[in-house]
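One chain, subunit A, links the two complexes that follow: it is found with subunit B in the first and with subunit C in the second.
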Partner chain A sequence: MSTVSTTRAPARTVRTTDPRPRRSKRRPVRERQWPAYVFLSPWMIGAVVLTLVPMAVSLYLSFTDYNLFDPPHWVGLRNYREMLTEDPRYWRSVGTTMLYVVVAVPLKLGLALGVAMLLKSLSRGRGFYRSAFYAPSLLGASMSIALVWKALFNDGGTVAGVLDAVGIHTGGWVGNPHLAVYGVVLLTVWQFGAPMVIFLAGLQQISPDLYEAAALDGAGRRRQFMSITVPMLSPVVFFNLVLEVINSFQVFTPAFAISGGDGGPADSTMFYTLYLYERGFTASHMGYAAAMAWLLLIAVGAITLILFRTSRSWVFYADEEGR
Partner chain B sequence: MVSTTHAAVGVSRPRDKGGRPPRPSRRAVLAVAAVGLSTALTGTLSACSAASGDTSGITLRFSWWGNDDRAARTEKAIRLFEKEHPGVTVRTSNGDFTSYLQKLATQAAGGGVPDVVQLDYRQISQYAGGKAIMPLDGVIEDRTIRTSDMDKDFLRTGTYQGRQFALPMGRGITGYAYDSAVYRQAGIPTPQPSWTWQDWAKANKKIAALGMKSPDGRHFTGANDGGGNEDVFETWLRGRGKNLYADQTKLGFTEDDLTAFWSFLNTLREEGAIAQARDTVQAKSTETSPIGRRLGAADFTWDAPFPGYTALLGENIHFAPVPTTGGHQGTYFKPSMLLGIGSRSKHPKEAAQLIDFLLNDPRAGDILGFSRSTPPNRKIAARVAKTLEGAEREIYDYAQTMEKYGLDIPPTAPPPGDLAIQTAFKRIHQRMIYGMATPREAAREFIDEANRELRS
Partner chain C sequence: MNIATKRWLPHTVSAAALLVLLYPLAWLLATSLKPADEVMTSLDLWPSHLEWSNYTTALDGVSGVTVTHLLGNTLLIAGGAVLGNVLSCSLAAYAFARLRFRMSKVMFAFMVATLMLPHHVVLIPQYIIFNRLGLVDSFWPLILPKFLATEAFFVFLIVQFMRGLPRELEESARIDGCGPFRTYWSITLPLARPALITTAIFTFIWTWNDFFTQMIYLFAPEKYTITLALSSFVDQSSTSAYGPMFAMSVISVLPIVLFFFVFQRYLVQGMATSGLKG
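Here is the complex of A and B:
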C-alpha cells in the first residue's frame, strides 16, 4: 500500500501549491502520458524489483517456516500467533521500543525547537551554528559514532568517570540494563539538527507582522509563543513528529553497535528491529522475522494514521483558511 | 531518513517562487510517511551472496573464518596444493566468525555454498539436514580422504543421521586459565583433573578473602562467572552424567538441573567470590574478561585462545581442567571447526583431495600448525607438537593429560537451534545476575525458550 502512495506523492505535493481548491476533481487524463512513464521507468523498475517484489515475498514468507535452508512450508498464522501469545521477548522488544519512542522523540523535538528559536533570534553567525548543530545528524547514523558513544558510556568511560566524581556510581551505562537504553536515547537526541533546520525554516516564514501586531496589542513573549508561534508552526511540528516517530520505531544501528549486536545486556537494548534481525539472521527464522516486519509496518501505519486523525484538531494550515 | 526529509521539502520548493512559504502540507507529510514506512520492509531481505566466476581448468572455492595468522598459514598451504595439482585453482574467502556465518547462511539459501567450506560444530545438522553439504562416505571409502589416523569417536562429531558430512580440522577442549601466583598466595593447591566444583568454590572464597584490589581499586575476585557460558554448563552437566541435548529435538536436562547450577554460582557471586554482574556483561574477549582487567584470578576458556592469556598477562597464567563433580570430568574434545563439501559442487573429487591434503599431508600439517587447535590426525599432531613451546606446549600437554585421565565420548553435533539457544543462555543469565529473575524463574524461561527453538 505504501508504494502506491509514494508513486503519486510528488504529483500530489505539487498540486497542493496549485491555486485551485484542493478538493477539485482530478483533471481528465491527458493524452500522451507515456513519455512521463519512460522517464519514470528507471525508478519504477527499481521500485518493482527492489521494493514491491521483496515485499510480496516477505508477506508470503511470513506465513511459512522458512529457515534459509529448507524450502518454506506454509504454516498459516503460526508465526503471528507465536509472536503475540508465546514469545515474551517479542513483547519486551515492543516495550523497549515504545519506551524509546516516547522518551526520545519529545526530547529530540523539544531540543530542536528550542535551539531553532535561539538561532532565529541570533543576528550573527546563524549559518555557522546551524551547520554546527546539524553536523551530528549527518554523522550520527554511522557505525563509528555509535562506537565512540559506546566508549563514552562504557565502564571506565568518560561519562561513568564524570558521574563517579559527583558521587553517582553507575559502573558504565552500556553494561547496565537499567541505563543502557538511555545511552541510545541520548545518541538519538544529539542528532536533533535535522528537525532543527526544518523548524528554523518554519520559524523564519512566520510573518513578522503577526508578532508586531501582537506586541502592539500588549502580548508578552510567552503569549506570542503560544498564540502565534505554536499555531503557525504546527504543520512543521506535525511533519517532524511523524518523521521522527516512524524513524524511531525503526531504530537499529546505534543499538546494534552499542550492544555489540546482541541487544544486551539482558535484552535491555533489544529494539524491535534488532530482535527482527536476530530472529532472521542469527536464529534463521526468516518466516518469523518477516511476520515481525509486517506487524511493524501495520503498527507504525496505524500510529501514523492516529497522528493524522488527531492532527485535525491541532495542526493549523494557513492555506486552508478559507475552507 | 535525512535524505527523505530533504526530498519532500525540495519537491515543493521550486513551485514556491511566488512567495508562499514552503510549509509542508498534510499530503507532503503523508507522502514522506509512506516512504519511511516502506523502508521498514525492504531492509529485511536485501542481503545477497557473491557468486564466483569460471576460469579454464578447475576452480575450487574454499571459505573459512579466522584471524590473520590462520589466514596466512591457510593461504600458504593452499599454494602448495595448487602446485601439486596443476589445473586446479583455489579461490579463498574468509572473514570473522559472525559475519562469516551470516554470509554462508545467505549463500546456502541461494544454493551457492562453496566447494570446500569450514563449518562450526553447530552448523553441521542444519547444513547436512538442509542438504547444503554432501555426505562424504563415498570419498572416505575410496580413500580420497583418509581417516585412519583419526580418532573414531572424534570423527563422530561430523556425522548427521549416521552419515559423515564433515571432518573435524582441529580438536579443542575447554579449560581454566588461572593465575598461579594468586593461587599460591591464597594457599590453594594446583588444580588437578579431578578437582571438584566444591574445591573451586572454596578457592574463590579464599582469593576473595585476600582483600586484593584491581588497578582501578575494585574488589578482586576468584574467577569469572561461568553462568552465562553454555560450554561451562555443559561441562558441569556432563560431570553429572547428563547432556545438553537428549537428541535433535529435546533437551537433555531439566529445570532443576539448571536451577541448581545457577543458584550455586549466584550465591558465590552475591558473596563476592566471583565476578560481579557489571563485569560479567562486558566480558567479551580475553582483554575484557575479569582476569584480563585484573579484577579476577581465573577465566573459563578454550585451549586455542589460551596463548593469548599468557601473552597479555604473563607467565604466571596456567591452564587447568574445568572442575568436576566427584572426579567425573565433563569436558570433551570438541571439533573447533569442520570441513565439508558444498552439495552443488561441480568438482567434488578435487574438493575431497583438498580436504585430504589439509588434514593428512605432513607438509600442510607443518604449515598450519596449531592454528585450528590440535590437528585431528594423530601423527601430524605428534610431529607438530615437537616444535611447540611455552603456552602452546602447555595446551598440548594438557590435552594429553586429559586424554589419559579419561573422558566420556563426545556428544553428536548439537541441533541447529543451538546457535540461538547459546545466546539465550547468556542473555537469561544476565537477567538473573541483574536481579530481574530468580535462578528458578530464569531456568524456566530458558527451558521454555529452548523448547520453542527446538520445536521450530
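Here is the complex of A and C:
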C-alpha cells in the first residue's frame, strides 16, 4: 500500500529537473484512492452511525438508569451488580440459554454430518434429498412454524399422542417447565439442513484418491473416517460450530412464540434475548438491557476466542500444510 | 449385509427421515383445512371435510386490516431490503475485493468482526436514533440500514465471490479507459450475478421471516407485516380459531416455499460456498 506521505517526499527532490513526465508516470503507480471511498461510503456510514456509535452509546447506557423517557443518570456498576448478584431471573435465563446451546448445537451439527455422509453414499437422488432436507432451514425461523411447533408439542398434540402410544407419558411439553426448552431444541435440530449442505459440499471436495490410497494400505471404514474425513472436514466443522454457537445465543422467535411471549412456564423458556427484550422494551429498563447486551457480547466474544484458540489443535488446513 | 440391502438402506433411511422432517409442514397444511372441532382432538392428519372457510376468515386479516394489505406491507419491506442489500453490499464488496486504499485491512477486519456482533448490542441506541428521527412506526428502520451495508454476512459473501473472478476482463476494461465505476457496473456486477442472487434471496427470506425488529418498530395495525399479524392473531383468539390461524400461517409461508422451489439451486449453492470459503 502506498500512502500519500511516503510518495510525496521524494517528489520534491526531482521536481527541479523535469516535473511533467514524472508526474504522468507516477499516476498509475500511486493509485487514486477516492473511488474506493466512494464505493465504501454506504458501508462506512453504516459502520459508524449504526454500529460503532451505537456500541459506544449502549456501553454508556449500561452504566445508567435510562428508561427511554427521562434523561439517563449515571449509576456506575449498579446494573451489572444487580444482574450478577440480585437477579435470579437473569441467572435462570443464562442457564436456559446455555442448556439450549450445549444440547442443540452438537445435536444439530451431528445430525447434519451424519445425513451429509448418508447423502454422499447415495448414487441417485442426492440433489433431491439435499434440497428437501434444506427446506426446513428456510422456514424454521418463521412465526408460522413456531406456532406449528407449539401446537405439535402442546397437550393433545402429535408429540404427546405418539409418545403415549409407545408408553411414554409426557403430556404436553409446552406447559411442562422441564420439557418446554427441549421443544425449542428440537425446532433448532429440525433445521439441520443448512450445515448439512455445507458439510456435503466439504465431503465432495475430499479427493477420492485419499480414500483409495488408505484402502490399499489396509485402512477400514472407521480408520478412513477418523484419519481422512475428520481432518479434511475439520475447517468446515469449525466454521459451522462458530456460526451455530453465535446464532444460538441469540434465539428469539421460537421462545417468544412457544411461551406466548412471557418465557413461561416458570421462566423455563426465558431465553437470554427474551429476558433482554422484557427488561428493555416491556419494563423500560433500557440501561439494564444495555448491560445485558454487553455481557452477551463479552460472552459470545470469549467463547468465539476460545473456539479459535482450541481450533489450532484440531482444525487441519490442508493448503497451509502444503506451503 | 448383502449387496442389495447395502444399496437400498441409504435410500430407505433418507426417505424415512424425509417423512419425519416434512410432517410438521403436512400438519400445517392439513390443520389449515380442518373444522374447528377436529384440530387438537384427533391425531388424524386428514380432515373429515375440507373447511375452506378457514381461509376466508384468515383473508379478513386482523384488526380490520386485510391479508392483502399485510402482504403488501411485508413485500414492500422485503423488496426495499433486497434492493438495499444488493446495492450497498456489492459496492462495499467491490472496494474490498478489487481496490487498494489506506486502512483496507483494518476496515476488512472490522467488517468480518461485525459478523459475530450480537445485534442486541446496537439495538437500543439504534432504536433511540430512529425514535429521535420520528421514524418509529414506519418502514424506514427496517429498510434504511440495508442501504448502509449493515449485514456483513452478505458483504463477506460477495467479497469471497468477487475474489474468485478472473481479473483479465476488468484489466482490459481499464486499459480501454473504463473507470472503476464503469468497471464495477458493466463488468464485475454481471459476473457476480450468482452471489447477488444469493444475497437477494436470503435477504428476502430473512426479512420475510423476521419478527423481532418488526415487533419493536411497528405498532399501528395498518403498518403490520404478515408475521406481526399472525402473532397478534394468536393473542386475540382462543384455540377454537386454530383453523383460521393456521390458514394465515400457510399464506405467510407460501412466498418462501415459492422462492425455495424457484431458486433452490442458488440457495443450496450459496449456502455451500459461504461455508467452504470461510
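Just so we're on the same page, the second predicted complex is superposed on the first by the 290 of 323 C-alpha atoms of A that agree within 3 Å, B and C clash if a C-alpha of one lies under 4 Å from a C-alpha of the other, contacts with A are read in each partner's own complex, and residues count from 1 in each chain.
Everything below uses one rule, namely that contacts are C-beta pairs under 8 Å (C-beta built on N, C-alpha and C of every residue); 3 or more make two chains touch, one makes a residue touch a chain.
No experiment lies behind these values; they were computed from the predicted model shown.
Touch criterion met: A:239 reaches subunit B and subunit C at once. Of the two partner chains placed around the shared chain by superposition, subunit B is the only one that A:264 touches, whereas subunit C remains out of contact. Once the two complexes are overlaid on the shared chain, A:306 sits clear of subunit B and of subunit C alike. Contacts of A:65 after superposition: subunit B is touched, whereas subunit C is not reached. In the superposition on chain A, contact of A:297 is made with both subunit B and subunit C. When the two complexes are overlaid on their common chain A, residue A:201 makes contact with subunit B and with subunit C alike. Judged by the touch definition given at the top, the superposed model places A:42 against subunit C, while subunit B stays out of reach.
In the superposed model, A:54 makes contact with both subunit B and subunit C. Of the two partner chains placed by the overlay, only subunit B lies in contact with A:283; subunit C stays clear of it.
Residues common to the contacts of subunit A with subunit B and with subunit C across the two structures: 3, 50-51, 54-55, 57-58, 61, 68, 138, 141, 154-156, 194, 198, 201-202, 205, 236, 239, 242, 246, 249-250, 252, 260, 273, 276, 280-281, 286, 289-290, 293-294, 296-297, 300-301, 304.
Interface residues of subunit C, counted against subunit A in their complex, comprise 7, 10-11, 13-14, 17-18, 21-25, 27-28, 31, 39-41, 43, 87-89, 91-92, 94-96, 99-102, 104, 107, 110-111, 114, 116-126, 128-129, 131, 145, 147-150, 155, 179-181, 184, 205-206, 208-209, 211-212, 216, 227, 230-231, 234-235, 242, 245-246, 249-250, 252-253, 256-257, 259-260, 264, 267-268, 271-276, 278. Every residue of subunit B that touches subunit A in the complex is listed here, in rising order: 1-2, 4-5, 8-9, 11-12, 15-16, 20-47, 98, 102, 105-106, 108-109, 126-127, 129-132, 216, 278-279, 281-282, 284, 416-417, 419-420, 423, 426-427, 430-431, 434, 436, 445, 449, 452-453, 456.
Remark: subunit A residues 1, 3, 31, 33, 35-40, 42-47, 49-51, 53-55, 57-58, 61, 68, 115, 118-119, 121-123, 125, 129-136, 138-139, 141-145, 147-149, 151-152, 154-158, 161-162, 190, 194-195, 197-198, 200-202, 205, 236, 239-240, 242, 246, 249-250, 252-253, 256-257, 260, 273, 276-277, 280-281, 286, 289-290, 292-294, 296-297, 300-301, 304 touch subunit C in the complex.
Residue ranges on subunit A touching subunit B, taken from their complex, read 2-3, 5-6, 9-10, 12-14, 16-17, 50-51, 54-55, 57-58, 61, 65, 67-70, 82, 86-89, 137-138, 141, 154-156, 171-172, 174-178, 194, 198, 201-202, 205, 235-236, 238-239, 242-243, 246-247, 249-250, 252, 260-262, 264-267, 273, 276, 278, 280-286, 288-290, 293-294, 296-297, 300-301, 304, 308, 311, 315, 317-319.
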